[in-house]
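Shown next, in structure tokens, is the structure this report addresses.
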């Protein structure tokens, strides 16, 4: 028996902004800085999905990466790619579009369906720019 | 005498969309695909500015990179970073925000001032995603 | 008028070897070293296709990148991805599978069809590993 | 006392395929897709070896990286670089050449000898393409 | 509640050497090889600071990345960037300038102040070259 | 006939500083900023050597990359890797160690010997950090 972790990378390009309607423009500016720009800005996001499990005896696969990629594209990429994270994405409605919140939301979208594929979701990593990224392991 | 080319890289994050108001939604969709999303999308753009000239005898510099970086940040990055290319950027007003058009517009913003620094602008390269980039050398 | 260069990146994974049947094993080993391994080896190749032209007034595009990508996938990637460059690729039959020869062969496959799209092929760049790449500009 | 993790990166280029002789061509195609190509395909693999231990008081080293690199090159890289993972590699004989199985096999090749160097193997990470990688931490 | 990890990347360029004054030149050469060069050598170091915590309800932030970056620049980057790690850096005085020791020293410089920002330092990762990096998680 | 360009990448780590002994400390500071640090700083330099020529009919090679790499390692890398560019490198003696001057000096070291291998040196590119690089094509 060998517990192995396998990671698939996907990318998407999206617009967003960080600002609260219940805060003044001054407060939004002070807390969120240039990320509060009224007319939005955007990023090339990079998404890493890590699952863990035992490699199957016949295939040597923890998971069929084509099936995992298909799932991620259907459930996540089609919702966020070339979209506005604040306005267009059902699973982000009413949430701040920080990278932290986005990573947790993607975890929740994928967790059960990856379980149903016979392995376990281990980590969602979302990279917003070359200089920062977020990881969520399902910890409370 | 040695003609040397030196390149500085800068980055910015911006929102944009590709669509024409004088076209139907169907035509915009057909030509621009997901890039026409009404609520915008965005990218981490990478900008490479290449200048050429003779290294100075005393410094060994074609150009002082700090001064070049300062110029590019003042004239370009402050205008486009965490902004909407269609709505917020004076030098893009009335233009399509394709990477091609953006590269030519940045060339025109920088050309004379780089000349005034004693060297010559050689190339503006703009990378929109890992999978595509544009180069403009001032050719007609 | 502004002559702009735009580059699209595609990737493929292929097996190949460098050896000549009309040479002894010793000579193959001496000239090609470990690249002559009888049972093949392989690479993640990266292909950059650069075309040049005038951005169209209505779209701001030199070429529609989706159409260019579709052409490259149909004509090249479907032929070489997860294939053996020596055995499986019609346009490489009877040729050495060096990166140099591969780049020239890809240029010849794409040149006319890119012309037919209204722009001009400028460069085929093929990267074999992080440590080496080849460029062909159609020069004799 | 400070437990520190140090990682060395090595690369190799290899051919392989995913298919089972006890399966029909149709089943191989269905499960492994283009990875089942009869004439092989290949990758530039990237291997990361992470070891952990206490930095020595006199050198500040958890392990001498030159010695670690020498070990990895002798035991692993010389076996897999410019080779066919299915046909040429003793420690992969009779195994599927999936990235998962390869990572576990490399762990087993290195574990004891790294122990003998006075530190502990923590992780073997194998990257097959830019879009996927596998990690094994010796867990059952 | 969701425990999220967020990582900020910073870079610095520094000179250093690995050698001990209480060892002969021969022993330094034997143990440290070319890293013992008397007139120093240097690297572009990459520093990754990972902190963990609960995203705040109003901002969605585990930590304000601008504030974290400001702290790291004030406490670390200003001390090490374009400096000599052996001669110029107060928090490295009297220590070997191995990547292992450097990572532990940076952890100690940042730990309490990150605690005071309301989250917890999780990992200091220091990359010396593309081929090696070190991680410290505060473990004894 | 097909004129093909092939590029080999090599890396080296070196210390240097930018300052003139015939200038005051204030002037050095004003012109070179933090690059004038008295106790040096350093970089992971990346060197790209591009040669051009006709692929040979029998090998498909413009140049044997192993031979080119061997030449570059003997003539350049062994002189600059883990060295001080100002103090240790014969071909940089009496010169400013700017990236521009370094690229021209490497060109002069390699030009004739590459000619003797039956192809032509086309470009020396030296990258000092991720944010800047220099190219020299032998132009006056």
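Going in written order, the chains are labelled A, B, C, D, E and F, and every chain counts its residues from 1.
Keep in mind that, in the parts below, contacts are C-beta pairs under 8 Å (C-beta built on N, C-alpha and C of every residue); 3 or more make two chains touch, one makes a residue touch a chain.
All of these numbers come straight from a predicted model, not from anything done at the bench.
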Handout entry: Contacts common to chain A and chain E (chain labels)
Key = D
Practice task
Trace the shortest chain of touching neighbours from chain A to chain C and give its length in steps.
Solution key: 2
Exercise for the section: Identify the chains adjacent to both chain E and chain F in the sense defined at the top. Expected result: none
Practice task
Compare the two sides of the chain B and chain F interface and say whether they are made mostly of the same residue numbers, over half shared, or of different ones.
Solution key: different
Fill in the blank from the handout: The chain whose C-alpha centroid lies farthest from that of chain E is chain C
Exercise for the section: Averaged over CA atoms, how far is the centre of chain D from the centre of chain E? Could you give it in whole Å? Expected result: 28
Completion exercise
Listed in rising order, chain C residues that touch 2 or more other chains are 130
Problem - Full enumeration of touching chain pairs - result: A-B, A-D, A-E, B-C, B-F, C-D, C-F, D-E, E-F
Handout entry: chain E contact footprint on chain D (complex, rising order)
Key = 1-10, 55, 58-62, 64-66
Problem - Touch list for chain B against partner chain A, complex - result: 11, 13-16, 34-35, 37, 39-44, 81-84, 87-88, 129-130
Handout entry: chain B partner contacts - residues on chain F that touch it in the complex
Key = 18, 20, 31-33, 95-101, 103-104, 130-137, 139-140
